[in-house]
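You will see two complexes here that share subunit A, one where it goes with subunit B and one where it goes with subunit C.
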Partner chain A sequence: MKELFPAKHVMGFIFSLVLTGVALSVYFFDMSFFMGMTILLVTAFAQAALQLVLFMHAGESEDKNTIYTSVYYGIIIAVITVLGTMLAMIWGYV
Partner chain B sequence: MDFFERFLIPHPSPIIYASMAAIVLTTIAIIVGLTYFKKWGYLWREWLTTVDHKKIGIMYLISALLMLFRGGVDAIMMRAQTSMPENTLLDAQHYNEIFSTHGVVMIFFMAMGFIIALMNFVIPLQIGARDVAYPRLNAVSFWLYFMGAMLFNLSFVIGGSPSSGWTSYFPLAGSELSPSVGTNYYMLALQISGLGTLMTGINFIVTILKMRAPGMTLMKMPMFTWSGLITNIIIVFAFPVLTVALAMGTMDRLFGTNFFTTTDGGMDMLWANLFWVWGHPEVYILILPAFGIYSEVISTFAKRNLYGYNSMVASMVVISLLSFVVWVHHFFTMGQGAMVNSIFSITTMAIAIPTGIKIFNWLLTLWKGKIVFTVPMLYSLAFIPIFTIGGVTGVMLGMSAADYQYHNTMFLVAHFHLVIIPGVVFAMLAGLTYWWPKMFGFMLNERIGKWAFSFISIGTCVAFFPMFISGLDGQARRMYTYSESTGFGIWNMISFIGAIGLAIGFILIVYNIYYSTRYASRDVGDDPWDARSLEWATHNPVPEYNFAITPHVNSSQALWDSKKNGHTLFRDGLKEIHMPNNSGVPFVMSVFFFIFGFSFIFSMWITVIASLIGIFACMLHRSFENDHGHHISVEEIKRTESEVRGAKNE
Partner chain C sequence: MLKMNNNNTQPLEYSTEQGRMNILGFWIFIGAEIMLFGTLFASYFTLETRTGSGPAGAEIFELPPVLAETLLLLTSSFIIGLGIHAMRLGRKKAMMTFFIITLILGAAFLGFEIYEFIHYVHEGASLQTSAFTSILLTTLGTHGLHVTFGLAWGIVILIQVIKRGLTPQTANKSFIFSLYWHFLDVVWIFIFSFIYLKGMM
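After this line comes the complex of A and B, so read on.
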């Protein structure tokens, strides 16, 4: 019976609901911009990772190296783009 | 009457009326021709509904060649206008429209179409696959690209062309300074064809990672396939940025948002920033397949295996990463500080290193090779010096302090044309000539091809080298005229002569296609160039299923091994082959996309909604469709194989 019950996925589902609830709280509670954005960013990335690993089954098949490589590559490109844009448009703009 | 006035050209001239008439006449001629020769069914069954990667590749090729001539006519008109001081052939508005459409057509619809054409045709053959991973998606990609291109070209006769440059910088491209629908065309047409390109990217990554022949590890792939893999990875990561930027630009123009405005918290230079976040990787999307083609051609005609395979691959991987960290060099003079400019200057110069490695690898492949001077080889050999000059001037432009002198001048125009023409156009012509026998079953005439090559290579140098001089003297780009006292006249006249040389070269290529279609021998065998990679191991013309028996591979040049080193390519017996079915849905859906784009441009919301429903209906149809493809029986394979001169069964 233990093998049949998908405990991992049920826990993951509950955890993703919790994450959604926490993110939603930013709207209902009055908090500073910095605080709100921090909560949103942390919950968003945790949520994305959870969905990818648990429900989209990344890392369960033979090609997990390919999948993780492209995920990391995507993250690197996104970070470079965002930081570079901030650098060019705001921080380094005289 | 207001409703219809929007469709008029805001700034008409005899040239535009003439092309309106030409478009109508051509359309009538095509319809009458198809009806008279009873080809409607053939067109629908064999082309419009096809999911065969080879046919889709050929359709891409035809579209790209058409766009080459459309963009080429723009180029000739530009050079003619500036050939003399105070020339009045075109006025300022027309000149603006022409240089804008020249850039858009050449980059998005010619170069992109051309590289995807060759990737479509060649990559599945090179890896020994029967088709791409998602054949239906491939058809959607092509038709979206095609509809985007047609939509963009419609701007010339309905509503007016965009006139704010191919980069379409805001605030100039905003609705305040560009009130005509021209820039709407730009936003929507590029959006639609960009979606197609993104799908191609995903499709080919999966194809290359998942569908290689047994034994072909990543490091045993032919170099063109490697370049295709890297290119498609860049496509997948770069194109979403363009999609987002275009969506924001569209909303700014049509819905009054303030992303790129100068007031209400908008950031006008953010468009330039996002455009080049996509735009610089785009440069490498264009150049890497070209590098792949040169690697194949040089290795084939120097009769040597490619020098430094591993370093070729490594340098492409490095280029793919570096291409994402250099984009600010397109706007060094925007106003950011010296620190930012220095960072991006250094990354820019760094990208010359992996490119240099590739150049040396080609030179060392040629070293002690038995070089055969065929047309594809001539293009490859001319590419090396011309591209190097273009590339080195790029490093000059990449030094931010010096860039304040060069930026926005003809020096820049000379630089990027001397990179893109040898880098992309020469490669495409080399690839076209090289793979032509595989596509159509006969060779292009070598003598006419060499004449065309001479005109094109010399024409390129004559057309663009003078711009270095006039640019350093201060001639700004995109200026529709200049006074005689500037002294730019002579350089622009030389440049115009070069442009005519280029035009003659391209006309010779068309003549070559006509001549070879009529007179060339059809008996060329399967491997007319004595080549090395798998695409030459199947028949001419390639059967629907590509390979009757899946080949086994043990190196990056499997065919060469089977010819010279006793490697057995085809070991298994014939088996039933499973192939995808044709479908008209991609075409229908893209027609809906065309209607969607056109209505969006003119803010006709009812048709926008109707066509959106149509698009979703097509997707829904696909979701519930039960299509398992068809099987080709062993008897049928045997019959096809014996029809194409003797089966290669061992």
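After this line comes the complex of A and C, so read on.
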């Protein structure tokens, strides 16, 4: 039975619950928008990295470099899309 | 054509050239999905304040169901990880049990999401109410649709594993399904953080 619950996965799960708890602090405590967003950005990206590396085994095969390139490319384009849209539509710099 | 590379140190799902390529191809698809959700988030942040005569996020979001959805999806993602681990140990029964639990948690997640949508419509926040409610329901709905599709996909894969056992092909499909499921959890974390928590902050 024990071999079905590897310590690495259990630790990863506990860590993801802790990250969710930390993210929840922005709801329960009064803080500035900047502080809240910083906490959310850190916990969300940490959570995503945890899933990608630990649970999705992104680095285990010989196609590791291609896999990471594809994922980073997706993330970079997504971030540029979001920030570029904010720049033009919300922050009003364009 | 299947080309075996007879590499016994690799897990079953990587044991054929075709299987390895399927996994790589799925990762490229995930890259495209990241960009898809990126565009939805970009639209959401743009339209978030355009509530017209409808409600704002803080007025309709409820923490308990959202928290339940988050915990259900986080747990299901962990459980399917255990399922793949069991598959690599060759423990077919344990793997299937973990997969079934994953799907049940996924169905429970959908149940909460459907409750949430009904609640929004009762509060007067439907797809047509305002720019905000339409992008909100589109973003949540796109994720929900992915989960719904995942449930059907997972059931079909389970049936194949029951019928054919753990072969390089069924192991490969199960592994790819687990990638999809983990990815849905990642997307939900961003929805939870930047739509709900940010909206209720």
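Methods note: the second predicted complex is superposed on the first by the 84 of 94 C-alpha atoms of A that agree within 3 Å, B and C clash if a C-alpha of one lies under 4 Å from a C-alpha of the other, contacts with A are read in each partner's own complex, and residues count from 1 in each chain.
To be clear about the criterion, contacts are C-beta pairs under 8 Å (C-beta built on N, C-alpha and C of every residue); 3 or more make two chains touch, one makes a residue touch a chain.
Quick caveat, the model's predicted, so the values are computed rather than measured.
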With subunit A superposed, do subunit B and subunit C clash or fit? clash
Where does A:T66 make contact in the superposed view: on subunit B (first), on subunit C (second), on both, or on neither? both
On subunit A, which partner touches more residues: subunit B or subunit C? C
Kindly classify A:G92 by the partners it touches after superposition: subunit B alone (first), subunit C alone (second), both, or neither? first
Would you check which partner chain A:F5 touches, where first means subunit B only, second means subunit C only, and both and neither mean what they say? second
Name the contact category of A:L17: first (subunit B only), second (subunit C only), both, or neither. second
Based on the superposed arrangement, let me know which partner A:Q47 touches: subunit B (first), subunit C (second), both, or neither? second
Residues of subunit A that lie at the interface with subunit B and also at the interface with subunit C: 63, 66, 70, 73-74, 77, 81, 84-85, 89
Applying the document's contact rule, which stretches of subunit C touch subunit A when the two form their complex? 10, 14, 20, 23-24, 27-28, 30-35, 37-39, 41-43, 45-46, 63, 67, 70-71, 74-75, 77-78, 81-82, 85-86, 89, 91, 94, 178-179, 182-183, 185-186, 189-190, 192-194, 197-198, 200-201
Would you tell me which residues of subunit A are touching subunit B in their complex? 63, 66, 70, 73-74, 76-77, 80-81, 84-85, 87-89, 92-94
Of all residues in subunit A, which touch subunit C in the complex? 3-6, 9, 12-13, 16-17, 20, 23-24, 26-27, 33, 36-37, 40, 43-44, 47-48, 51-52, 54-56, 58, 61-63, 66-67, 70-71, 73-75, 77-79, 81-82, 84-86, 89-90
Within the complex, subunit A is touched by subunit B residues 209, 233, 237, 241, 267, 269-270, 273-274, 277, 321, 324-325, 327-328, 334-337, 339-340, 343-344
